[in-house]
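Per-chain residue numbering starts at 1, and chain names A, B and C are given in the order in which the chains are listed.
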Amino acid sequence: MHYLVGEAMTGGYGDADILHECTIGVDEGEIAVVVGPNGAGKSTAMKAVFGMLGLRSGRVMMDGEDITALKPQERVRKGMGFVPQTNNVFPSLTVLENLEMGAFVRADDFSNTLSQVFELFPVLKEKAVQPAGELSGGQRQQVAVGRALMTQPKVLMLDEPTAGVSPIVMDELFDRIIEVARTGIAVLMVEQNAKQALHIADKGFVLVQGRNKYTDTGKALLADNDVRKAFLGG
Amino acid sequence: MDSLNALVVIANFVVVPGLAYGSQLALGALGVTMVYSVLRFSNFAHGELMSFGAMVTVLLTWWLQAQNIGLSVLPTALIALPIAMVVTVLLALATDKLVFSYYRQKRSESVTYLIVSVGVMFTIGGLIRFIIGPADRVFTDGQRFLLKARAFKKMTGLNEGLAIKTTQGVTIIVAVIVVALIFWFLNKTKTGKSMRAYSDNEDLALLSGINPERVVMITWIITGALAALAGTLYGLDKSYKPFTYLSLLLPIFASAIVGGVGNPVGAIIGGYVIAFSELFITFAYKKVATYMLPAAWAPEGLVQLLSTDYKIAVSFVILLVVLLIRPTGLFAGKTI
Amino acid sequence: MLPQSTHLSSEKKRIYVLFGIMAVLFVIVGQVQSWNLSLAILNLCLISAIMTLGANIQWGYAGIVNFGIMGFAALGGLAGVLVSMPPVQAGWQAGGMSLLGGAVIIVLTSVLSVFVWGRIKHITHWRYWIMTAVILAGYLVMRAIVDPAVEVIESIESAKAGHIGGLNLPILVSWVVGGIFAAGAAYVIGRISLGLRSDYLAIATLGISEIVIYVLKNEDWLARGVKNVNGLPRPVPYEIDLQAEQWVINLASRLDTDVPEMSSIIVKLSYAGLFTIVLLILFWLFETALRSPWGRMMRAIRDNEVAANAMGKHVTAKHLQVFVLGSAVVGLAGAMLTTLDGQFTPASYLPLRFTFLIWIMVIVGGSGNNFGSILGGFVIWFFWIESEPLGLWLMDVLTAPLSETSALRGHLLASAAHMRLMTMGLIMLLMLRFAPQGLIPETKR
């Protein structure tokens, strides 16, 4: 049983189901990656786990508790951090203010978390007083991840964090994500760059048409010939 | 000496009135911009909200005057103003509760809000006329001038006088204080920042645990207070007449749009841009020209680009030009 | 023809009932107050209904937010003056050429600025200043030519003329000309502003309509500004002539009314007849348009602009058609109003009365439905007029327990006259909330 798991999730927008008995999950300190072709329902599965999509059947469990009925905001309070794929910063707010908004629900002193985030993403400290909308794509993603970390989540969910950034920036982002996982946070992410993502993944879920096709460790999936041929370009 | 006289003419007829009128527009535009950036619609009822606030001030001022309570040199309205602001805030919150909140739950389009706000405009306008009637009301008291033209002439030895009305001074000072407070609130407090965050990215604000209903409530509180303030200051400076506030709505929209709707700095600058454009374009430069040019060139006519009858129309023209050339405004806005 | 479904027949029943109630209301006013008043209200109801039809094809068919109805109505009214009044020969002789010169300069400046803009719009730094300079120069030249002429024209018999007068044609011609004036203005306005988002379009059209009124109020040479033009010729006989007619005197004695009253009723009935003819023609045209492929496409665009755009429909071009058409109808109604009043009074054009009240009529009647528009025009105008006596009566009843001399009672009774703004606002808000489709909802076809 995983720390966070969406079990046998079936559902979609409107009448047509996108997910069929789909299961994804992650444990503390681990990185789990969801990959698959376009339209496989990767992001939908992520949204379902976060509660942005109603499920017809299946359930979402976190730390042994059934959270299927909770709204996204309530899940945030339970310790889930979510970084959407787009529009994931407050563009006219400064970097520092973005991070402060991440800690909006916290009543305690969050200066420790803030310095941890600055340690993880030093560039954010440099640009602390600059509006987030003026940053480069890679830096904006760091703001977005940093904002989600400000609640001190137990689970961090990332929807294609490397979409639209250069390969160098991507590698750096992945390094940071590994560091995040080392602090004991469970990281669940959807990735388009399957090969690179599986390299850093403890666990991989390959989805096809809303169903689990392969599930294994990242290494095993990379080594699997079928997977390589079908999804990783040989 | 002549150029000094010319400057004083401009200061007296353009700069001082422009600063006062610009402050009134800026405060009005700030309210429009706040509603726009958080609730995402252009509030046609804002003029009537200003009028309502001014009306409450007028009524309270009369009562205070009857009790012989006053501020000696300053207008009594200044005591009444805070109470009027509270009452206007209550009206704004009631309007939201009874009218706008329903469309928010339905997630209506912004054009629906627009039309609904016209209904609110009628209702509040009717309420005002029902309570105080449509007549013109003067409620200024205290000392009329901070600086009299004659005193200025004596002081400087110039031919031209410079007069500053108490209401103009009060308007400018109050506007500066209030604008400073608003910016402090928006940029330095957690609640203010959460409002800006909400206006920037509603979905992410929800994910961050920001309560939208609270943001909306605070927006109406600020809007109501600003409306009462702007309405009262305008009424003090000119006089209180319910129907003028509908025609004031367009210069206010113009100020907000010129500065970039949703941008509070833009709203303030927009207010002054509109006010000064109105005054400069309709100002008769005859006197200035007489001072500045050799006697032989002295103009016969008023040397006026547009007659003063067109004063408010100037703001409409600027509004149109900005909408057509650069609809995002001078300081591209959309968020607070 | 459409098949007779149960849905349609229930709509028909609704239409009969609602218009039936309306008719009864007019009879009640006729009996309780006076037939003269009842007919006066009816005439303005007819004009309101026509304006509402015009506003409805813009908002109801196409979803265009036009808050400039007042301006188009006023342009129609101006046509009444320019068509029907006798020309002021002295004015034309003194200033006609200069005015034409000024008009030529305006056209030249417009053409020149468009041309210059095309040449300089890629220059980033100075383009706005250059444009401002071009327009300012054109404006100053125009002023230099026109100002002396305006002064002369305005000084000619300023107590009764002081303007250029009109063409001395029958005033009925002005109904068509008013429509053309409004259509021309709408074409220019639509070309430049229909691309704006709805709330900007609303503000822009409101601003333009205010500018139109400002010009009409202040350019005395045109139509005397706030001094008003009185005594426009009529398309129907004058009361004083009717009172001398034998058949009128006979009719009055047969119906047991006095002759002046009778003559006034006949005049109002004649107007009502003319207005009804116009209303019926427009209604027929609009219903035909609504059922045509053109009408279907309009609604398709309204309901999903993105999809329509994707299908290659020229949304803006279609919007321009509707905008011009609707505004022309409003202009026609504006000319009819000036004809009915027999005078042109620029100061009477207020946005509350001429723009927002028409919007309430559209909303209350049922946007997208022509029957609804007509009903909306009737109901709202009826209550706009009758809410005053009704409010007074209501206040009187409500405050009856208070003593005759009570200050509160006095205030409430005095304020009852202002009830109508609030009544209209509340009606609009309640309709939007509980029956956003209006009294006669749009038929889904």
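A few points about this structure:
By our rule, a contact is a pair of C-beta atoms (placed from the backbone, for glycine too) under 8 Å apart; a residue touches a chain by one contact, two chains touch by 3 or more.
All of these numbers come straight from a predicted model, not from anything done at the bench.
Taking the definition of touch as given, a chain qualifies here only if it contacts chain A and chain C alike; those chains are B.
Put simply, the chain nearest the middle, going by average C-alpha positions, is B.
Taking the mean Cα position of each chain as its centre, C sits at the greatest distance from chain A. One finds 58 Å separating the Cα centroids of chain A and chain C.
If you average the CA atoms of chain A and of chain B, the two centres end up 47 Å from each other. Here the CA centre of chain B is 31 Å from the CA centre of chain C.
Residues 63, 65, 128, 139, 192-193, 196-200, 202-204, 206-208, 210-211, 214, 217-218, 350-352, 356, 359-360, 363, 414-415, 418-426, 428-429, 432-433 of chain C touch chain B in their complex. Residue ranges of chain A in contact with chain B, taken from their complex: 72-73, 76-77, 82, 84, 87-93, 97, 100-102, 104-105, 147, 151.
Taken together, the chain B residues at the contact with chain C in this complex read 41-42, 44, 99, 102, 110-112, 114-116, 118-127, 129-131, 133-134, 243, 246-247, 250, 253-254, 257, 305, 307, 309-310, 312-313, 316-317, 319-320, 323-325, 327. Listing the residues of chain B that touch chain A in their complex gives 190, 193-194, 196-197, 200-201, 203-210, 335-336.
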